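One chain, chain A, links the two complexes that follow: it is found with chain B in the first and with chain C in the second.
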Partner chain A sequence: MDNDNKVTTQVIETEVPMGTIHSAALEPYRLRLFVEDEIVRDAELTVGVNHRGIERIMEGLPVEKANSLTEKICGICSNSHIWNSCLVAEKGLEIDVPPRAEYIRIIMEELERLHSHLLYLAHGSEVLGHETFAMRLFYIRETVMELLRMIGGNRVQYGASIIGGVRPRCDLDEMRIQKIIEGMDYVEEKVLDFADRFIRDPMVMSRISGIAAITKEDARRLATTGPSLRATGIGEDLRLDMKQYEPFEFDVITQDTGDVKANLLMRVLEIPESIKIIRQAIKDLPDGKITNRSWEMQDTDIIRSYIEVPRGKLYHSYKIEDGRVRNSIVRTPSITNINTMEFACIGTHITDAQLAIVQCDPCFTCTDRAVQIVDQPFRKNRII
Partner chain B sequence: MGLKSYSRARAVHVMLVYTGGCNGCDIEIVNCIFSPKYDAEQYKVFLTWNPREADVLVVTGPVTKHVEEPLKAIYESIPEPKAVVAAGACATMGGVYKNIYGDIPSEEIAGPVDEIIPVAAKIPGCAVRPEDVLSGVVAALPLLLNAK
Partner chain C sequence: MDTSMIIISIIAVIGTLIVAFAVSVWLPGIERKFVQARIQQRVGPPISSPGFMAPIKFFFKEAMTPNSPMPRLYNALPLISLIIVVFILLFIMPQMYFLGALASIIAIVGLLKVEEIMYMFMGSLSKSVLSVNMPFPDLVKGAKHVDATRSFIEELSTLRAFRLIAFGSFPLYIALFVPVVMAKSIYIGDIVAFQQLNGPVLFTVAGVIGAIVYFIGFMILLNEYPFAIMKTKADVIEGPLLEYMSKYRAYTYITRGFLIFVLASLFATMFLGTPPNIFSPGILITIAVAIIFPILMAVMSAFSPIFTFRQFYPVVAATSILGVLALVAAFITL
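And then the complex of A and B:
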């Protein structure tokens, strides 16, 4: 690309702004692409429109209330937030969670991963311009949403975890277990079917192979996390270290190319792994109670907890004072993936820039809590 | 039914504006209009992102200070007749973000929606159920169809 600069006498440099409200993006964000002869030379992605100050309004709330508030951080991975927030309190107050509750939490988390990945694939297909795939995936996703509604009582924001276990409403009886087993069979069959068609479609493949590739080194440098990191070939998955996942057998999927194709395939291949975990959890579901209510509130230091959520590493921490939450910090995976998105855009053709953004599974509602410090607010004058 | 109402009823364009909620409502609404299970397109309800094409504006989220002005601008640019539907607990009454009563009150929220633009129908729920979205949009339709 450097050579182009030397040869051309006149460089056409344009800024293409996109957003804040744009049809390709559900959520409001602002993307500025600095384009030279239709090749993106630099990109800038700004969030901040939907800043609600969750951590600040969490300050001083009773712990139970704060836990349910964390669920409202994100409507896609709501279960992950409430689970991790409960884990913080459980760690600090040294509460043992009954094994049955642990298993139900895992089932909820993996169902959520399924619906998040299916949504990602549907969104990706839509940006690719393949609406049939998008519709099919939405249809498969409906099954997962129905299962979530059956267990949690709501299609989004199921609020399964409470301190010490899961809500009594989320207990699994025979009928529910049967429905989950049937649902998983259906999803697995349909997703494998989709994967087959997806891989064998030469049009789709030519549109996504080699686009917006990220190398291992760049992924490390940009602190990419989650499936986007694994798509570059680094098999890092926090589920391997979490004690909740110890009883389960599953493979960590990796791809090597780090491009859009690798990212899409990554999510496709993670779906059968999640189904595997759910099946094991259903099979070995322990008996017993689902909530441990014998605990006492006490003051704690700042407690930290990391878990793996559909998009990567999620961090929650707070300290408890008089049963109230203080100094809460939430760090969502998308905050580091934003850098990856910007970086992935550079060097792509402008029509592929949106794909480069979508490949990292953008979710900005959870990211919009951060304070961003920018030394140069306008990079427009930068010489590209 | 006049010719205008007849043709309006055959192409209801819904524009979705996201004003700082948690994404739960938005995905449910897109799901409800697009996806094969609910498929509002079979009732000739279409999703658009162009305010000049839209008939119904569906607003989700508690309206943060940043989007207050853009929301007004979007509302202004929708041609008459128009109807606004506020979807979700956030949009109807500020949701948890406005009414959680922690130590520090939330200063980011300008909403709920009806304090900023006139609202014709409110859909409760956190997140809204797709069935309710359909009935909310249908409840706002007479405003469009009976307009001159």
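And then the complex of A and C:
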């Protein structure tokens, strides 16, 4: 976390601490806002109260079990975690994933992106104080949640990916394909309607235009990732480099201003792109098996895998010893975006500060990955 | 005045208060169930819940000591607010016009100001666990700005309440002076009599503009979305009301419902010439206004985000200018 004091020459008069329990926050975090007449001059955001030690629990578990556990890191992007964790093993063990399974994984991932973006928009609307928009977005999201339930069996934590492919229950038959097609038509129509209504609302535009703007240079300096980076005009999307996405055509959406409006519109405009990918995957869904079982466990060095998830770049790494996971590390996008959140708060009104944080789509529970305990008398570090 | 008249007047006052209370407990439910919930396509709470059942529930909750330097005073404030609102209703009843200056627009404006000031006291006396009191190691090595004065989020509400007192309630008070100008009197009795002779103020150009301005002021005074910056969920959560629990929270609910009714009654009195009186058919107009106002307010609230001061100042300035235009129009029609 950035502990550099940006305003060292400035005398901060008042601190307004908020949290870790707060109505605007979906998750626990501590926010210290340093204000002058309700204008934020500096901010400090601290996470760490929801640490579950998942990497520590993964240590020594069989790879399959450890992969399942990664899904518990996040309720919103659970598929991203288990997919990336499986990719680590598949990369290390050199397992070929059947094309049909790759397509189903892409469909799951893009459905997850849809529900994550819709949740983001709904939460953003709530923080704006526009409950009606939030409710309507939650209704649209419900279609996506039901599709995920249909494929995976659960509305969250679908457990689709396994090493070598996807679970048999996640295979797509004709009925499921038809429901996905209908669902995508519905979501696209409703989201475009919402976007039209949203950008025509002068009161909403007044609240979000020019608020918490981040420039390209700032985004680079702060290591911003995901849609928040693309909202500043930098068209960086890891999906362009992922071989799994090679068969699909889609546009990388960017905005110019980097403010709350740009961030919200980023997600709105990424939704049709995800729908485009899902439609291509459905149309070209290969026949064949969905799991490759012919692989053998072996020891590996540390294997690293990055994928583009709804919030940005997700990193998983571990090595395999005797079929068990060692040295697991997970880095979620939000941990790199915390600096951006703090920076975005500066110069905003206090009420907009929460909006500045929400615009980076935080997921702090996923971000609470490791705790460093410093044993002061002996200066020994322990990471758990 | 003979004894029977005094008894009838007392019955009228008590009866009107009972009717006001009986109607006011349903208004938050109408606002949230029939309008907001339907606009948002959700089921919403039972109509009796927000204004009637919730206070009853809270009356039977355990009363814990709030986090406040003066918990007794803090707990007394909602009751004082309720009493002030009841007094406003009393002073606009026809049976009270003999009180002279107390039944005048000056007294009403003064009491409304006191009601607003209560939020400042509440905000400065509330010290919830949700900010400074949270047991979180903020001031540790490496923390930013460890010397800054630490402020509770409710203190932000106090500052905002002060700003609302200073400029937020302008529209309502300007609108109230439109009938005063037309009737050439500050006394409620004279304003009602003027309208009974010349027709309601609402049916004039100045009255229509004044009514629009009054409605905006009504929403600001009730701290309703989009003018709820004093208790916005994004930062100050419930603001001054954060630490209220049990019967004291019930008083805040009752006061809000009652204030909706009283402000609607004030509108009916000042713009339609029908003061609240149980023995007059005009009470139906008062009740109708008391139902229509929350419905309109709920529609506006459902379709707008919360305003920060960046939006608040221009809206209040524009509405106040409109109010001044209404006053000018009232002068011209004299």
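Things worth noting here:
Keep in mind that, in the parts below, the second predicted complex is superposed on the first by the 357 of 384 C-alpha atoms of A that agree within 3 Å, B and C clash if a C-alpha of one lies under 4 Å from a C-alpha of the other, contacts with A are read in each partner's own complex, and residues count from 1 in each chain.
One rule holds for everything that comes next: a residue touches a chain if its C-beta (ideal position, glycine included) is under 8 Å from a C-beta of that chain, and two chains touch if they have at least 3 such contacts.
None of these values were measured; they are calculated from a predicted model.
Once the two complexes are laid over each other on the shared chain, residue contacts for A:L355 go to chain C alone; chain B is not touched. By the touch criterion stated above, A:E38 is placed in contact with chain C alone, chain B being left untouched. Of the two partner chains placed around the shared chain by superposition, chain C is the only one that A:V16 touches, whereas chain B remains out of contact. In the superposed pair of complexes, A:E321 makes contact with neither chain B nor chain C. By the document's definition of touching, neither partner reaches A:D193: not chain B, not chain C. Contact with chain C, but none with chain B, is seen for A:V127 once the two complexes are overlaid on the shared chain. Using the contact criterion defined above for the overlaid structures, shared-chain residue A:S78 touches chain B, although it does not reach chain C. Contact with both chain B and chain C is seen for A:Y139 once the two complexes are overlaid on the shared chain.
When both complexes are overlaid on chain A, the residue A:D251 reaches neither chain B nor chain C. Shared contact residues on chain A (touching chain B in one structure, chain C in the other): 20-23, 49, 135, 139.
Chain A meets chain B in the complex at residues 20-23, 26-28, 48-54, 56-61, 65, 68-69, 72-76, 78, 119, 134-135, 138-139, 141-142, 154-157, 363, 365, 368. On the chain C side of its complex with chain A, the touching residues are 36, 39-42, 130-132, 134, 136, 138, 142-145, 147-153, 156, 159, 225-226, 228-229, 232-235, 237, 302-311. Across the complex, chain B meets chain A through its residues 17-28, 30-31, 34-37, 49-50, 61-62, 64, 66-67, 70, 74, 95-97, 100, 102-109, 126-127, 129-130. Residue ranges on chain A touching chain C, taken from their complex, read 3, 5, 12-24, 30, 32, 34, 38, 42, 44, 46, 49, 125-132, 135-136, 139, 203-204, 206-207, 349-355.
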